[in-house]
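Next, two complexes with chain A in common: one pairs it with chain B, the other with chain C.
Let's turn to the complex of A and B:
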């Protein structure tokens, strides 16, 4: 490592002008990145990790400004550099990868052309060799058959593939610094591993420096040399990746580490020391099946079959494959008082399955028995007013999206009480609503707020209160913590476990994260391609996976070095 | 669970209900001078519409041939027309009629077009096709000519002007409501509403509609100006309100011929009133959206 760092941020303070006066987003942040070094910035939402990177690229909002401090990039002061110089720097000397790869690509331009644009912009290619160089760039991010992919539009590529294209774009001009802002959030674990491995290999080969911004300590530890932990706009700890796990110095780092799900722990281990009451004993359960799914199938017509004209075109019907089977004949049971995890990557059919059990979607064939009654036979559109509706409820993945922006928290929780709970007077409904709020740990004075005035964790609590308002027997949890910070996730998972033991519900927990599922569930079902790959007790599946696919899933989860 | 994230304490307590809406409205109006100005103009228009006949110094219909075609003076601020009627009084009194036509026609199309659009976007299928084709059919005509045709066929009364103005605006409202409803059809909170036992109709009316209201509000204020112009236009070509009723469009029409002979004030002042009203409604849209949308209430 050279003595002069490639990037040297010292005493950086960024302020935002808002309606309530000036808000300091980050305060006196010092970060240095040496040449060839990979630095991870870890923190929860609102910690200022993204603002720091935006300040480096000088792409802050108009309301934001660097109030103090300096950013030196190989000797150049970025805080005072003119815009023209910066424009030249961005993309050529430093590049950035954003969270959502699909949003970062122009949807109506071929990916090959988009790479060419960058190359030409910085005069790395002329019209003669642009195509050749773009294909080479695609090849370097390990995209198979790059000549064909050159002509693809972003919507024709999978999420992982899009992120590879974005990486190709970012690295096309061989920059010295790459800032990756949550590059794998929203991707499946196996895809995450492939993308991260690729990223690390490429940057190492080229001697590039990388700043990896993430909320996942495990990911940062697995791929970075140095980890910087940020909390509320301040750097609280800077240490080598190895040391941060063995000897975390700052209490916040310890709290983050504790809250990260990992093998061999119980739910209570996620909470800060001293705050955890003993875990309620596992409910014995009378083991009578509450939900019994048999040979459930969901088929979707392929696009060309939906088009009536295509049927009459030559070769339109003869060679076409059958309808697409999103769920391909699965059978499983959920016993009374049991929690079952449904695990798999995106597109494995787990969400389709949960929607069908939820009766929001009609099955193609098979049976869904709930309490001995075939609810699968009832049309999804009529189920809203069925008496069993109140017995099956759901906690949604995105707490923001699942709350009506025009309802206060109290109104959202009371909605099921009015519609299905037979409550008609606002007084009794309000009393029940406050009781539910107490149950999920939501302060009563927040009940009159609108969703945008609540934090992610609070919104999650509102969603949970709404789901349990009617004392359902089965609650489907659709990745209820995927959009939450780890420390909030820890609290919410514990809350769910407590609620289950007090109210005696069954859970069907749909998730892509085996570690999280193992904490909450007794049994795990692993799905892939619409079929059940493996099924068994949570600890068995995690520790002694039988199927190759399960093994792949488990090994792809980034492990903090313990 | 006693673990309360520290963030919860950071947001100041918000008072709910009307007082919050009012204080928010005050903030929005105060924040942007243009919004404040346009709301001031609106207040003036509403005031004139309500009390115009009381404020007018002369009877708007009384003719005084001795004082015909006088240029603006202290006695007749806007001058007098061919029959010696006071233009100032006529402009003020006309406010009520023009505003009424605009407000009722926009309210009509807001309800009908908005509901049709929501039904089309939310239910899809045949509802969508029928509403879409009705909209396309209306759009196939030059809109003003269509309005002319409707009024000519139904007879030129104020009610028919309102209906004609509503019909030509229908596709606009139906399309916006349809797009917004179909975006929100698959939102998480709509699914959640379904789980809590709301029927489809209920979801459309209590969940979807309030959420697209802010956007429709902007549309309303924009078409309000257009509706005034349309009503005035119909009157201008003789298909709207019948003379001698004071109405801005007719007054411009009556004065148009006299501009060449030097009596510019007959057409100018009602024209200016028309312009100010349209201008006011066009400006007000953004401010209105900010007031109606609770997520702007930070």
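Let's turn to the complex of A and C:
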């Protein structure tokens, strides 16, 4: 480690002016990054990790300001540097990559031009060689056929490809410091691994310093030299990556560590020590199948086949590929009281499958037997009035977006009671609602709040209470914890397990996270390209995967070194 | 692109049929008896009946409609009873005047409102921002005939800066050779500086009247859409890569912010077509708006139907142009045909 750090943040306090007065986002934060070092900043939402990085780049929005402290970059005080000087630094000496790569790129400008813009701004290229240099930048982030991709627009590229372009953009001028703010959140695990490996290779080759901001302890452990843990705007622990996992000093770090799903543990191990009651015994059930899916197929017409006129155009469509098969003939069963995980990367057909089982989407062919009845034969639009409708319920991915912002928590939970439960008096519905709230651990005094007044975990509980209000036999969980912080996820997963054993429901758990699935599910189905790749007991699939694809998925998950 | 044009034109056919049917029926249910009007106040009932027969108004509605459609198919919009000319040639003669005025007003409004909206968004909360809001509110709350009269009062009557508000050219000037029918352009083509100045002086006040009216929606949409784009993630990326403020605002934010503005333009244009009728009256502008109003008062059906049909076609063409412009700006639309 060199004597003078490249970046030295000391005593940094950032405040935001809001309508309700000044809010301190981060308080007296000290961080130093040496040349060539990779530092991870880990914390849950609201910990101030992103605000810290925006303060370094001086791109805080209008309401935010540095109230105290200093940020020194190569000896230059960034908090007092004039804007023109900062503009020269940004992109040339320090650059940043963001979460959600597609939104981070200008949607109506060719990616090649966007890279050129940065190169020209910092005089790294003139009009003669800009194109050549932009293509070289694309080549360095290992984009195939960069000459063609130069002319692509962001919407024509996959998420992983967009993130490579964003990396190319950030590294085009060979900066000394790279700040990566949740660079792989929202990407599939295998893409995440490819992007992170690429990032590490590039920064290491150039001797760059990196700040990796993430909520994922495993990711930080796998790729960082030093880890800084932040909680509520303060740094609570700073240690070498190896030490922080073997000897976490701060209680918050320990809590985060415990809550991170990892192999070889049970659901209860996620919760803080001493807080967990023993896990309910696994429900054996009578093992009669509740849901039986056979040869299920969902086809979508390809975009060029949608236009009815095109079909009659000369030139013909002979030899054109058939319709796209999102789900390609899958069969599986869910027994009573069983929970089955449906795992795969985006585009594998897992969500389409769950939508068809939920009868929100019509199948192309195949059977969906529920309780011995072929519900697949009913049109999706008629199923809403079918008596079996109340027996299948769903918990959605985003707890915020899946609640009506104008309904109170109580109204949201009572909604299915009114619509399908035949409840009309508000008194009995309210009583049932309070009972449900107790069941999901939602304090009764929160019932009259609106979604924006609830935390993420509380909203997740409302969503779960709503789903179980009609005592369904099958609950489809569509990544119910993907939008939650790990400590909240730990609690919600345990709640789901408890509810299952008390109420004797079956779960179809759709997720991309194998570790989470393994904790909650008895059996796992791995999907890829619309087909089932592997199926088996959860522990078997994770510990002794048979298919190459499953092995690839498992090895891509970053592990904390424990 | 050609295929797209063709597809879009196909979808306009039902709209056109609708316009033809509705304009025909509307003119028939309007109060006022054409035959009585043209027979004159002193006419006997027999004379009125005779006029009615001559005009074919005694026949049942379906038959009248059939005649109308058949004529329309031959490009015959009928005869104006007030001017005695074929409606088609009347409209041909007057449409350029209206089009010139409307486009002049719209371009003027764009030239003022777009920079104003952008500046208000970039300097959100500043004096400029508040000024933008004040101008926009004032512009939209004053009715056009009132703004028009106010402008005439100040600039013609009090200050005498502007010529008499009597048509497209003052009486001593002669119209330039017709190429486009737009005096401003035709006089430039003819390299006739004097006529250009004269027609500019005439169009300025009515043009400003229309511009003031259409300023508000354009400025408001520009501001709102710039604000949302400026807070978007790709603008943050552009700023974090050290791009100059000019580059961020113009190349990154502005082009994206223009998308909703282009959509609004279609709407603003249709407002302007409506407002035009009043402005033409105030400034004695020989356009189709004043022509239609006069015909309507005289219960003269053919010009009214011709006017409505012309407006509908104009509106369809304009929306087609906007669709094309949208595709040129936004690559995402190009692949989503």
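Before moving on, here are some points about what is shown:
Assume the second predicted complex is superposed on the first by the 557 of 562 C-alpha atoms of A that agree within 3 Å, B and C clash if a C-alpha of one lies under 4 Å from a C-alpha of the other, contacts with A are read in each partner's own complex, and residues count from 1 in each chain.
One rule holds for everything that comes next: a residue touches a chain if its C-beta (ideal position, glycine included) is under 8 Å from a C-beta of that chain, and two chains touch if they have at least 3 such contacts.
Quick caveat: nothing in here was measured; it's all calculated off a predicted structure.
Contacts of A:153 after superposition on the shared chain: chain C is touched, whereas chain B is not. Contacts of A:16 after superposition: neither chain B nor chain C is touched.
Contacts of A:448 after superposition: chain B is touched, whereas chain C is not reached. Once the two complexes are laid over each other on the shared chain, residue contacts for A:495 go to chain B alone; chain C is not touched.
In the superposition on chain A, contact of A:324 is made with neither chain B nor chain C. Of the two partners, chain B and chain C, it is B that touches more residues of chain A. Against chain C, the residues of chain A that register as touching in their complex are 57, 59, 61-62, 86-92, 95-96, 98, 100, 103-109, 117-118, 121-122, 153, 155-156, 166, 169-170, 307, 309. Of all residues in chain B, only 1-5, 7-8, 11, 13-14, 16, 187-189, 191-200, 207, 210-211, 294-295, 297-298 touch chain A in the complex they form. On chain A, the positions that touch chain B within their shared complex are 19-20, 46, 271, 275, 358, 360, 381, 384-385, 389-390, 393-394, 396-398, 401-406, 408, 412, 415-416, 419-420, 440-441, 443, 445-446, 448-450, 452-453, 455, 457-458, 463, 466-467, 469-470, 487-488, 491, 494-495, 498. Considering their complex, residues 7, 124, 231-234, 236-245, 247, 251-252, 255-256, 329-332, 335, 337 of chain C touch chain A.
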